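Inspection log for the structure reproduced underneath, given as structure tokens.
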Amino acid sequence: QDSLVFAVVPKAMNNPFFDLARDGCEARAKELGNVTCTYIGPVEHEAATQAQIIEDLITQGVDGLAISVSDIAAATTVINRAVEAGIPVITFDSDAPDSQRSAYVGTDNKQFGTALGELLLQVKPDGGTYGMISGGAAAPNLALRVDGVREALAGSAWTEVPGSPTFSNDDIALAVQQMGDLKTANPDIDAIVPVGGWPMFAPDGWKNFVDGFKADVDSKALALVVADTLPQQLQLLSEGYAHGLVGQRPYEMGQVAMDTLLALTKGETVEDIIYTGVDVVTAENVADFLK
Amino acid sequence: MMANIDTQGFSNVRRTRFWQKGFLASQSAYVLGALIVIIVVMSLLSPNFLTAGNISNITRNFSFIAIATLGITLVIITGGIDLSVGSTMALSATVTSLIMGALAGASFALFPGGALILALLGGLGVAALIGLLNGFAIAKLKLSAFVTTLGTLSIVRGLTYVATYGRGTFPAGPDKDLFLLVTAGKLFNVVPIAFIYLIICAIAMWLALTHTAWGRHVFAIGSNESAGRLTGVNVDRVKIQVYMLCGLAAGFNGIIISGWLGSAPANLATAYELTIIAAAVIGGANLAGGVGGAAGAIIGCVLIEVIRNGLVLARVDPYWQQTLVGCIIVAAVLVDRLRSMRNG
Amino acid sequence: MALLEINKVTKEFGAIRALSDVSFSIEPGEVVGLMGDNGAGKSTLVKIISGIYQPTSGSLAFEGASAHIGSPGEARKLGIETVYQDLALADNLTAAQNIFLGRELKYHVGPFRFLRHNAMNQRAAELFAELKSETRADDYVRQMSGGQRQAVAIARTRLADAKVILMDEPTAAISVRQVAEVLNLIHRLKDAGIAVILISHRMPDVFAVCERVIVMRRGTKVADKPIGQTSPEEVTALITGAKEAA
Amino acid sequence: MMANIDTQGFSNVRRTRFWQKGFLASQSAYVLGALIVIIVVMSLLSPNFLTAGNISNITRNFSFIAIATLGITLVIITGGIDLSVGSTMALSATVTSLIMGALAGASFALFPGGALILALLGGLGVAALIGLLNGFAIAKLKLSAFVTTLGTLSIVRGLTYVATYGRGTFPAGPDKDLFLLVTAGKLFNVVPIAFIYLIICAIAMWLALTHTAWGRHVFAIGSNESAGRLTGVNVDRVKIQVYMLCGLAAGFNGIIISGWLGSAPANLATAYELTIIAAAVIGGANLAGGVGGAAGAIIGCVLIEVIRNGLVLARVDPYWQQTLVGCIIVAAVLVDRLRSMRNG
Amino acid sequence: MALLEINKVTKEFGAIRALSDVSFSIEPGEVVGLMGDNGAGKSTLVKIISGIYQPTSGSLAFEGASAHIGSPGEARKLGIETVYQDLALADNLTAAQNIFLGRELKYHVGPFRFLRHNAMNQRAAELFAELKSETRADDYVRQMSGGQRQAVAIARTRLADAKVILMDEPTAAISVRQVAEVLNLIHRLKDAGIAVILISHRMPDVFAVCERVIVMRRGTKVADKPIGQTSPEEVTALITGAKEAA
């Protein structure tokens, strides 16, 4: 069989999360041999640009598309166009369920948020006030996570502070600044839950913030439960700079995306929804993840 | 304009050669030359580049920003700037979607297309209002155009998020098909309708700029605002009109994009303002004011889109694409140096 | 009834009092010379009459009625036309376009009005010929010589249907023979009943065309005399302050 | 400057009052007034606003963009613009991190701090090089500053991605602690060291602008470039120097941020250029050239950061925050109208 | 040996031939008047000598050696100083700052050199007093009257250590008594061995100070005569083209 070109389209190329998905794709493509993984997307999170790039990829005649959907309705339109052009399409990380895509590979974001909330309950069952930090205000998967957290904590002793979530627009420096702002605005806040790993992507900025309230953090008076499990986050957790992490598996998403697309080109049927699962990491099991 | 009536009898003045005047002596013409070279190179790099499908894609894509670029070119000719175009595109599209949705659920029935017309009026009305506020602050309160429109950039984007709670909207209701037809349709199944709108707008703008007193005043304001004022030009009114037109163009453009996407996400057209201004400037508009035109604006948009599309099709490493886009943009304006050299 | 009356006009710019309590009046068809050292306040006075500046105190009256001139547009509507010292030209337009700026010739096509490019160019070329100026109507002002620019500014006033024309050093940059034409022009304006205020540093010109001369010194009016009752020497003494007032 | 030696004997000239000249008559002073009002309002809205911890946070946050704002103010005074500052911050931080990492693994041993010094030189060198290229294209090739630096914005960001394959880097190696100390440390455990750098840079800039011939030439170029050229000012050299200083300031700022973050992500400082330019303009720099100063640049940065921080502390609905930021920015420059009214 | 020699210089701007085959030379300490109608090419010639424009063809020689003057800076270094017709002032600087632009007075502090603000302001005030001009050294040029601006441009040349000074209509906007001062200044320059090229439309001034007059018409030199062998009438005829050449 001739070589196949599968394109992986992230929401934004400036987000380190998608780098892991890319690495997974490329690694699996190499293993498969006859598959090339093309990773391309808009530099910043913006729906129309993503749609245009997908159109270009259709023109280019790629053999399969894996898309992390930036805007559901917008992506639905182009996905259907790609399918009409005979290109198998799957979504990953972020879904467009009503489109003609063949499968979704990734996290159940609602469940992901619920897991964050449950982890917080586990870390600090007696409750208090909490604030969240989100990324782009328009990202549907982040909105689902925020909802998930709220759902898990509904009926518990936890209440959300006003002004939450703050939107960091995926800007790491801004996310750390917002940690400080949340704590300053609500000096008695009992937990901060970033629904993406942004502030911890700046390890020293994070440490700097935590060091200001180290005693509170150590005594869990201030609980820190964060999304994502990138290596630097695991390191921080193992050093006691956070209480728990809930991670997606972007690397696996990339791998599974390649497998699924290959299966589709061979004419096989695939599962409609393929969850890659979540990892819940706390001080107890962090060593396993750090390896 | 007729040259010879009055140069007769000037012993030291030759006839102006055809390449020394009009379009051929403008930056636009030289950038057009660069564009043609780039098109040739791209078509050599990728066999798919000059296919009918891709040409139609390119046409549609540049039409998306080109109408807004026409609007901002007007503003730039008056020596101003408008950073709020991207946000205006988003809010205008959002309002149109919201109204369509609201009317779909309305208890009273409208004549067919009625909801669409109301929705379009609403979307464009908001865009015009943003332009009006910009223009008022700049012309009457004499605020810096940069700061004012940076403020509106933020205000309008914020309102877009507020209006939909960040979720974005999509056009719905009985008129949805009609909406898609008039925004994302293709004439004779080939020519994107957005391109037709662009051509109509461009011709209207060209007529207004070169053959009406209003256009003359636009250039006069950009060239020497106080001279315009002293000779009785109603500078404030023209400026407000120009910002309103720019807002309208951006809003119209936003609505068209949302039709093509079938959605009006709240982050629509984020950071488009720099691309749009760049397209205008590459096409020959001068940020110092007094220079610019419709043809140049379109050439600038085509250039930017051809580079973007061409590099994707040529399968250039995406990390290098951004670098190359920058290089080609600088190279394209560099050809304009040839002109200054030739004209001494 | 005086055409234009200036009443105790004062104008301050921060610490500088450019005009203090200046009063005078002008009759229709009168040609008045306004002289004074550099910085005496002549241009400031012109700018107040033509609506660019508002006086700090004092008032104006036009054709007997008290007039508030809020902008150059309003001044134009009253019939006050001005040749500004800094010429007020738009560099990126041609000579003809500048001359017709704000009063373009148009033709109608349905509801639209389009420019009559040819007619305007031709008329501009005629005006330059009339002024004996070596200026081409379709050249951009940007690339013109100093005198050509001034010719454009002067040509503008020929189109206006003005009652009074303020000329702020109209002959500063133009050549010998055009100076003569401008003086001729002023004579013709006077004959047509149009009043002229001529600001100039050229004593002979003022004495050649003006009926009256007003001398300013550091913001105050130091003399206002019929030309027959004064002499270039006296005016020079007044300008330099050698003579206090007359 | 001494006013009275030569106004003596001008009967129509009074002494200039103290509020009619110098800083008090500048836009900066009026914006400072607006800033104070905003601070009072914010401290009423949120009791935590004026706590020591928050003041220290604010100080640090605005220092992060303020040094780059000083640099861009220089460029704006010459009548130019530099859109590439955000990208330069990122590349400079990335290069510094990469060199530190590479030297950590090097087989030869350096004296303590040696790796840090090399890394800083590398990072700042890259920043200066970007500035040099911008300056060269703008001064010598006479390209439009907007298009050139928009090109470098894209080129430099692309190179940052290429250099790390989009992954971002982390400062590492034996000198890491020293690196954190000199970038993110606090003097006497209170004053962020970034603030100290800012004050030093601002004083140096103030001295250079007001008390050296070079500064005078910077203003002359922005006020009337050709006049500068005609009077023998080496316009091209000054322009290139100004763009280099702007690049250096941005690079230095980027390195400081990366030290504080402990990370140099590839998307560091994305879209900061507009914020930075806005800070400069709000602080009184005029995009038309010839006006601006160090104090104003800092006031502009403080204003923007106070608004951002204050709205979060006041627990304003995050969807409304963006809208309010825009409104307050416009309102803050509106106070400058008071000045024009007072000065007639 | 001639100080400055112009050799068949031609300058074209697109379709306009602003200068065609112009040649002349100037001796040290000579004062030459350059006259011609508006647009005759006088300012273009000045700009070629001062390095702003490069001739389309033809060459220059300075002090006997062929000279390529690539920029105004180079011209200044050779000792060519110019008062430009458009004055070339930076509006956002004060009069004193403009006068000293490019040759500021400084004092040393270690490796640094700082401006001597007071010294410059004082010297500028002296220069204005010398020119009898009503101009204040610490006023911004932006807010100055036309004549005050011109005074600033003239004052600049007083600082230079020049061999030849080109004055392009230096007296266009200044008042009567300063015109006399400028003519005095030219006399003093001549006495100091400095050559002057004076462009002016004021016939009496040219005849008062120049030893020789060159007349241009539509880009060509039509006359080059010692002042004693010609008359205002002849020069006027040459300027207007009534007389072809002399």
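Lettered A, B, C, D and E in written order, each chain numbered from 1.
Note that in this section contacts are C-beta pairs under 8 Å (C-beta built on N, C-alpha and C of every residue); 3 or more make two chains touch, one makes a residue touch a chain.
The structure displayed is predicted, hence computed values, not measured ones.
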item	value
Touching chain A and also chain C, the following chains	B, D
Third chains touching both chain E and chain D	B, C
Label of the chain whose CA centroid is most distant from the centroid of chain B	E
Most distant chain from chain D by Cα centroid	C
Most extensive contact between chains (C-beta pair count)	B-D
Chain A and chain E: spacing of chain centres that average the CA atoms, whole Å	71
Inter-centroid spacing, chain D versus chain B (mean Cα positions, whole Å)	31
Chain centre separation (chain B, chain C; CA means) in Å	42
Multi-partner residues of chain D (at least 2 other chains)	10, 13, 157, 161, 165-166, 271, 319
Sequence positions of chain C contacting 2 or more other chains	13, 16, 134, 218
Numbers and ranges of chain A residues touching at least 2 other chains	13, 43-44, 137
All pairs of touching chains, each written as two labels joined by a dash	A-B, A-D, B-C, B-D, B-E, C-D, C-E, D-E
In the complex, chain E residues that touch chain D	50, 52, 71-73, 76, 82, 84, 87-94, 97-98, 101-104, 106, 112-115, 117-118, 121-122, 124-125, 128, 134, 136-138, 156
Chain D-facing residues of chain A, complex	13-16, 19, 22, 43-44, 137, 161-167, 170-173, 176-178, 180-182, 184-187, 201-208, 212, 232
List of chain B residues in touch with chain A within their complex	46, 48, 51, 53-54, 57, 61, 64, 161, 166-168, 170, 257, 260-263, 265-271, 308-309, 312-313, 315, 318-319, 321-322
Residues of chain A touching chain B in the complex	13, 38-41, 43-48, 51-53, 55-57, 59-61, 70-74, 76-77, 136-138, 140, 143
Residues on chain C engaged by chain D in the complex (per definition of touch)	12-18, 20, 41, 56, 218-220
